[in-house]
Amino acid sequence: MPSTRLDFENVRRRFGRLSVLQGVSGSVLPGGALLVTGPNGSGKSTLLRCLAGILSPDGGRIDYREGEQDLGVAERRLRIGYVAPDLAFYSELTVAENLNFFARLRRVSPAWGFEILDRLALPTDRMVGALSSGMRQRLRWAWALLHRPRLLLLDEPFQNLDAPGEEGTRALLAEHLGEGPGGLAVIANPASLEIDRVTARLDLGR
Amino acid sequence: MKKTLPWLLWLWISAVIVGAFYYAPLAKGFIGKSSRILFFHVPMAWVSFFAFIAGAVWSLLYLVRGRQERHDRAAAVSIQLGMLFGVLATVTGALWARIMWGAYWNWDPRQTSLLISLLFYAAYLALRGAVDDPEKRARLAAAYALLGVVVTPFLFWVMPRLTYTLHPEPVVNAEGKFDMDNRMGIVLFASTFAFTVLFFWMHNLQCRLQALLARQAENRE
Amino acid sequence: MSLPVSTWAAEALAVFAKEWRCELRTQVALSTLGLFAVTTLVVASVSLGPLGVAKAQGSALLPVLLWLILLFSIAAGLPRAFVQEEESQTATALRLSATPSALFCGKLLYSLTLVAALEALITPIYVTIMNLKVESPGLLVLALTAGGYGLAAGSTLVAAIIAQARSKGTLFSVLSFPILLPLLILVIELTRNAVLGDPAGMALAQLLLYDASVSIFGLMLFPVVWNP
């Protein structure tokens, strides 16, 4: 049994009177991806936000281990890579300045991030405020992979991307899952996606 | 026990009221019969202070004991009750001050400190009103309550230097002597005890009510 | 989490540098703070100046007015440090990449420089146009430093709290004033002592203790406020 893995069990979350997640469970192992599908409002983003540690579930258990380490929520939050529509960067800074800032916070070299930007053909001297929505999505990918996380949490990862953009990010995902010891991913999308290495599916539509 | 406690409390408080007006003598140096308000004013101020500390303790418990909703509820109810008793203590104090010192408000250090504590309670409740998500509301409110208990002792420490006090000596004065007529002491002690039990009873009722309302809201969906 | 101090400090400095870089490009905080302060200052001096405040009353009144101007200017500009992060949704990226304590210190450092700049702008003008004679300028500088620190530290934590609530603007004043009141009482007393040439006395020790407790508890409570 590989020691790096994500398990979650009976995760529940409500917003006021509305119960969005009513006990969902799943697990992912290295080299595999969990595909979460369901219509709008079925709780895909809520689940990913709970897994990322930026929303606390009302109940249930989320366990993430990296190697021999059992990571608590504070560490998990800083280790994972997260792509989501609600992720924004500083609009008054350029793409390069944003990436450098987050590289300093994460205490890593920004080189890999710039390489991703180069592969996705995103100009680095442009102000983030002046980026189109597809360009923002590319920046989200570069930001999420910057510190080479083992676990990727992808919420509608290919939205707003044109054909080359989707091709580039799909290649990044394939490398992430395939290279070295193998990364993990949880991918949320309203419709099913054709992705190799999807090892499990979770349909939140009831 | 649940059924008899309210009756016992009712009897006890009735006895305190009778005692305050017919058993305890008038204090020396007080105008007219104004000293009788003391049997209610002092316990109210005490409960307000106690509720404030209790609210902070429950806030701390919420943060360190696995974030349980009941601790957050207990903290919020405690501070609501502290506000209620604080207002009552301020009003009874002001009435008495009008008779004794000639004006409702005198910037007495204890008057002022209590007023600022009331501002703090109000701010705490305003914060709770401005956050929708229960989990977020609970942790923000708990942090604010704890920041409040760190900062407010400074008031009690600083205020006496700025304005001189007209307030009567604290019940137990600096020498640790219980400087009061015996019968007055008995009534005051009985009253303080009654008000403290009253606080816990009201607190318990309100917490149970809030828990039921929360569960009802969940089931309705 | 145990981290080498140098990398932790680098992280805090990165936050500080980011704040100033964004601020210098938009100049929102600087202009709101500065304009608000200057406007209040002018209003205060126009309404008081022609009356000519007598020296005896001046030493009692003028320190109060100075700190009220500073307090309200800070309330107008400082909360932005956290409100902006939540409103432009950059808070999520920050939550997922910054160590909370380093983030708090970076933000606090930024607030400190803003408050210091504000004090450096307002105090000389105020002292001049109000004809305020300060007997011990050294003590005044000390009061401004220790008082400004406390204002920045208290407001930074309250700003982090209100940034996640509704009706942020009014809520900041409501929440921060009870917290800052002991500080205000102390620093006004200290400023008055500076004006009159009296010794600092207990007020300085109490003020420093206030600063220390607000910093320590701010650092302890911030992760709770910041993360779910």
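A, B and C are the chain letters, set down in written order, and residue numbers restart from 1 in every chain.
We adopt the following convention: a contact is a pair of C-beta atoms (placed from the backbone, for glycine too) under 8 Å apart; a residue touches a chain by one contact, two chains touch by 3 or more.
The structure displayed is predicted, hence computed values, not measured ones.
Q: Higher C-beta contact count, A-C or A-B?
A: A-C
Q: Using CA atom means as chain centres, which chain is nearest the centre of all the protein shown?
A: Chain C is the most central one.
Q: Hey, how far is the Cα centre of chain B from the one of chain C, in Å?
A: Computed value for the inter-centroid distance: 32 Å.
Q: Can you work out the whole-Å distance between the CA centroids of chain A and chain C?
A: 38
Q: Please report how many Å separate the Cα centroid of chain A from that of chain B, as a whole number.
A: Here chain A and chain B have centroids separated by 49 Å.
Q: For chain C, write out the residues touching at least two other chains, lowest number first.
A: Each of 228 in chain C touches at least two other chains.
Q: So which bits of chain A are touching at least two other chains?
A: Counting only residues that touch two or more other chains, chain A contributes 56.
Q: Scan chain B for residues touching two or more other chains and write them down.
A: As it turns out, chain B has residues touching two or more other chains at 132, 135.
Q: Can you list the residues on chain A that touch chain B in the complex?
A: 14-19, 56, 58
Q: Across the complex, what residues on chain B touch chain A?
A: 67, 132-133, 135, 217-218, 220-221
Q: Could you pull out which chain C residues touch chain A in their complex?
A: 1, 7, 10-11, 14-15, 18, 21-22, 25-26, 88-90, 92-99, 102, 223, 227-228
Q: Taking the complex as given, what residues does chain A use to touch chain C?
A: 52-56, 73-75, 77-78, 80, 82, 84, 86-93, 97, 101-102, 104-107, 143, 147
Q: Can you name the residues of chain B that touch chain C in the complex?
A: Counting only chain B, the residues touching chain C are 63, 116, 119-120, 122-123, 126-127, 130-132, 135-136, 139-140, 142-144, 146-148, 150-152, 154-155, 157-159, 161-162.
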